Amino acid sequence: MFTVENTTKWLHAFHEKVQANQSYLSELDSAIGDGDHGTNMARGLAEVERKLKENSFESPQEVLKMAAMALISKTGGASGPLYGTALLEMSKQVAIDPDHIGKTVEAGLNGILKRGKATTGEKTMVDVWKPVVESLMAEQQLSKERIHQFVSETKEMKATKGRASYLGERSLGHLDPGAVSSGYLFEAMIDGGILS
Amino acid sequence: MFTVENTTKWLHAFHEKVQANQSYLSELDSAIGDGDHGTNMARGLAEVERKLKENSFESPQEVLKMAAMALISKTGGASGPLYGTALLEMSKQVAIDPDHIGKTVEAGLNGILKRGKATTGEKTMVDVWKPVVESLMAEQQLSKERIHQFVSETKEMKATKGRASYLGERSLGHLDPGAVSSGYLFEAMIDGGILS
Amino acid sequence: MTTKPFGIVISSHVPALAEGIVTLLKEVAKDVSITYAGGTDDDQVGASFEKIQQAVMDNEADELFVFYDLGSAKMNVEMVIELSEKTIHLMDVALVEGAYTAAALTQGGASFETITEQLQPLTIKSRG
Amino acid sequence: MTTKPFGIVISSHVPALAEGIVTLLKEVAKDVSITYAGGTDDDQVGASFEKIQQAVMDNEADELFVFYDLGSAKMNVEMVIELSEKTIHLMDVALVEGAYTAAALTQGGASFETITEQLQPLTIKSRG
């Protein structure tokens, strides 16, 4: 189940992974986009960290809502509204049922789908979120191996959404940066103790 | 027929009329465009004046070619390429047959049509050039009354070319600035002694 | 104070681009309230939710046409729309050409229907 | 020196607008030669034959895609084309979106056919 503690730990871990891989994420984005995904995510998550330090929270939905608003207002780029909407929808769902991890992540996925109007196979973060939700629903669990697999499958996809879509065929052979950062988000869920 | 003298006189007279009516032309352009037609024409014709002073010419086609290049490089806006192409085509035709005023003006009209791809009734300078050519071809002459008539008929036209076309129906009820300046050009032909 | 029923907001990844469009539009739309958001919070190339929110608030009109350059600006605009009380029309049309058309028509006193009808053929944006 | 076969030229009535588009394009097209002409000779809002001619000459590529904002810029570009020795494709497409697409594809090494095919749906300009 989601608690204030494990939600906070999760976000800390996500922040750390993004910080550690900031230039890698931007490099990936240079190949098929504008090279700012690492910078964007680091800026948004730094604001989340600040808010986590400055405030205390009564419920996981409060933590998630705060994180969502911080990501929306500071991330910039496409990833701000996408991650922001995901976390906002997760905060609503966690208020209804904090025990069901799968349903909460599914609410996040639906937020991304609503915001970006992508489907699977378009070489976006959806290609990680969607199979993660399916795994969680079917098996109630998720391994880092599975996450890596989902992320690496974006390599052979042709982008049809987002900036990379301007490259058409030429987007083939590169990992999607938003898929990679989404991989960090789910690894951090494992590290934070929400998933085991 | 076109001579160095009457061609020079014509261009002087055109310059004077535009100078005297510069703010009126810009006002007309404010109503259905961006308010710079007077400024554009005055800038281009000032360059023509300068070149007329600095050089001496052997033939009317030389005068017209110089004026065309000056208008193209200095006028700016749509009117630069339009008047510039008109005078360039006139200079070619005048070299072939300096006696036939109608054919020369027709060559100018064809330059405008090539450049701007407008037809009659689109509320542009074409709506003055075209009936002027027709009058010259049919009657070998042109009166200021006829010119005024052609110019004022643009008032009830709906613009479908140039900036004014963005206004659609709302361009009705206003004179077209390029039609008005074209009226000055033909009045100056009369004043300069090319037409009687 | 604007005398026109519609305002225009430009959202671009580049501050100069957004500002330049406003200059172009002002030539033909002196009485239309036109505001813009360009770049990230620290004026780098990117999209800023907060700048877009500010441009929407600063606009004198209560009904707005918003134009954007790329999909990431669009998504930020959508978030702003969900949190704003103004009536906002997010236009998936060519940025410069669409905004210019809307500005000229608004200045000329055109109705909402006329404006959207004229903008319709400029619809070219589909990728998110 | 550019390593790409195509260059891009932006022609706009406003200097900041032209420059801002170059900034946007450079994010995704570091190795493409991109030049611009903005405003009149004295940097007012308008079109300048001489600035466009300069932008065409200054571009490192011999084959160019030219994008413009309004019809009067287009006519000036046409005059420049007639007097230039470069191979110039004047694109009647959405200015920002078209130039961005051409820049991203040129950077990616796309062929002339691919680029024009991708630009085709962005064709929105008909009035002169």
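The first chain written gets the first letter, and so on, giving A, B, C and D; residue counts start at 1 in each chain.
By definition in this document, a contact is a pair of C-beta atoms (placed from the backbone, for glycine too) under 8 Å apart; a residue touches a chain by one contact, two chains touch by 3 or more.
What you see is a predicted model; the values in this text were computed from it and never measured.
Our note on geometry: chain A versus chain D, Cα centroid distance of 37 Å, whole angstroms.
Chain centres here are Cα means. That of chain C falls 23 Å from that of chain D. Averaged C-alpha coordinates give centres for chain B and chain D that are 29 Å from one another.
Shown for chain B are the residues that touch two or more other chains, namely 34, 163.
Multi-chain contact residues of chain C (touching two or more other chains) are listed as 27, 45, 70, 100. Because contacts link the chains in a way that matches no line, ring, star or complete pattern, their graph is best described as other. All chain pairs that count as touching, in label order, are A-C, A-D, B-C, B-D, C-D.
By the touch criterion given at the top, residues 12-21, 23-24, 27, 38, 45, 69-70, 94-97, 100, 121-122, 124-125 of chain C touch chain D in their complex.
Residues 33-35, 163, 166-168, 170 of chain A touch chain D in their complex. Chain B contributes residues 34, 36, 40, 72-74, 76-82, 84-85, 115-118, 160-163, 165 to its touches with chain D in the complex.
By the touch criterion stated above, chain C contacts chain A in their complex at residues 40-41, 45-50, 70-72, 75-76, 78-79, 127-128.
Note for the complex: chain C touches chain B at residues 27-28, 100-101, 104-105, 108-110, 114, 118.
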